[in-house]
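Structure provided below as structure tokens; questions to follow.
Lettered A, B, C and D in written order, each chain numbered from 1.
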Amino acid sequence: MSKPQTSPAPLTLEDARRIIAAGERKADDIGQPMNIAVADAGGNLIAHVRMDGAWMGSIDISIKKAWTSRAFDISTKELATLTQSGGDFFGLHASNDGRVMIFAGGVPLKRDGVVVGAVGVSGGSGKQDHEVAEAAAKAL
Amino acid sequence: MSKPQTSPAPLTLEDARRIIAAGERKADDIGQPMNIAVADAGGNLIAHVRMDGAWMGSIDISIKKAWTSRAFDISTKELATLTQSGGDFFGLHASNDGRVMIFAGGVPLKRDGVVVGAVGVSGGSGKQDHEVAEAAAKAL
Amino acid sequence: MSKPQTSPAPLTLEDARRIIAAGERKADDIGQPMNIAVADAGGNLIAHVRMDGAWMGSIDISIKKAWTSRAFDISTKELATLTQSGGDFFGLHASNDGRVMIFAGGVPLKRDGVVVGAVGVSGGSGKQDHEVAEAAAKAL
Amino acid sequence: MSKPQTSPAPLTLEDARRIIAAGERKADDIGQPMNIAVADAGGNLIAHVRMDGAWMGSIDISIKKAWTSRAFDISTKELATLTQSGGDFFGLHASNDGRVMIFAGGVPLKRDGVVVGAVGVSGGSGKQDHEVAEAAAKAL
């Protein structure tokens, strides 16, 4: 189980801005203003944008979706299927002092197959949030 | 996507008092004492009233229903349908550090079609809370 | 709607001790050690006892069941029926900064029909907790 | 109800290290990196290990599973069956200020039949977490 001696380059602010810009374009396309956040490999915020008219309550959610997606290296859409009442991870949302979001809109960001951060989107339906996050992630 | 150069006037304390008074009259009509709170466009509290005999536990809830209703520009009654286990936004109540209330009683306040704040009511059944909030909102 | 000019006497520490002692006797009868807490009309703790062998995690729960029962003037057993997923008050447990317990074991304490505080019990099944709370409440 | 005059010896750091090492071996066997935490009889952390590649979001969960398992002297797998929506203890996860984890991976540690602490594991499926916790606990 030897480990590789190098890692992919960390996310830069320039990367984050490009990712967010791609998310904004997708949000404009579907006509729904969004909050978009990008976190680094440690789950810490690099940049956040609230598009004009996006919900105030979604600021926090976009940032926490990014954190969650990195914290478990999974999209929050997939996480949602495991965390409903009756599911294997019901109660996960009560962990990590309220930072875990269990509904669609968070997507890991990968370089060479390695997770180097995540993007979180909130402002529309679950479907819309996930679409915008995917479009944003593709810009990495 | 040019934006209008003017906004509706912000809520004043006088507005909030008129809204609350209308809520109190409705609460008296149905014989159920209520907590009634009014928040501004930033979600911040302008005024709160606990009618004699209203539940102590509803103070916090009325204030947070107002916040929630403004945070997502939606009544908390509608929000309830989206946030049960199995719903698209299950887990929303875990966001925003405990400020999100997902049961009936919060209603956005609009001027010229623009949300300028919200009213939150707690003290009775979900149906009663929503009725009082609607009656209060009409007084704007 | 004139109000009475007098109120029932507030709960004293002596009252709380008598209530707790009655709860302890019931807990001994059923062979299950309990945490028992008594709160005053403001929801503030007067006294708490952890019987030898009672769960550590139930300290907090007993105190919060007492608070909850006073905050909404209802037993937490009744509250449980309203706060499951799909219920009118689902999400109530997310209010009041984590002080709301929505499972059996909290019972209001009444004097002359007026709620003057509450008792909260935690340490066994829901049925046991409620039984002990009822036995304790009768000692007022 | 006389009590024994002696207690089992408390958990030492050496105990905790042996328990964690056993957990690591099991995690290696099943090929899933884990967070493993050991708490003492007071629920306080003695040691925690994050295996390379284990989820960041599971650090907190492993520690809180250990706490929860000691707080109620039960595996969190068993607790899960009681705390889903509709269950007797639904809402338990809202108690104890967010320290209660209600999904598999926490197991009490016993000496002479007495709970002297607990181990908490997080990093895989519920089944995997529980398996690793059981393997770890056997090393006491």
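Structural remarks
One rule holds for everything that comes next: a contact is a pair of C-beta atoms (placed from the backbone, for glycine too) under 8 Å apart; a residue touches a chain by one contact, two chains touch by 3 or more.
Source: prediction; values computed, not measured.
The fewest steps needed to get from subunit B to subunit D, moving only between touching chains, is 2. If you average the CA atoms of subunit A and of subunit D, the two centres end up 29 Å from each other. With centres defined as mean CA coordinates, subunit C is found 42 Å away from subunit A.
For subunit A, the set of residues that touch two or more other chains comprises 85-86, 94, 98, 100.
Judged by the touch criterion defined above, the protein chains form a single closed ring in which each chain touches exactly two others.
By the touch criterion stated above, subunit D contacts subunit C in their complex at residues 3, 42-43, 68, 70-73, 85-86, 88-92, 94-98, 100. By the touch rule above, subunit A contacts subunit B in their complex via residues 52, 55-58, 60-61, 64, 80, 83-86, 93-94, 98, 100-104, 125-126.
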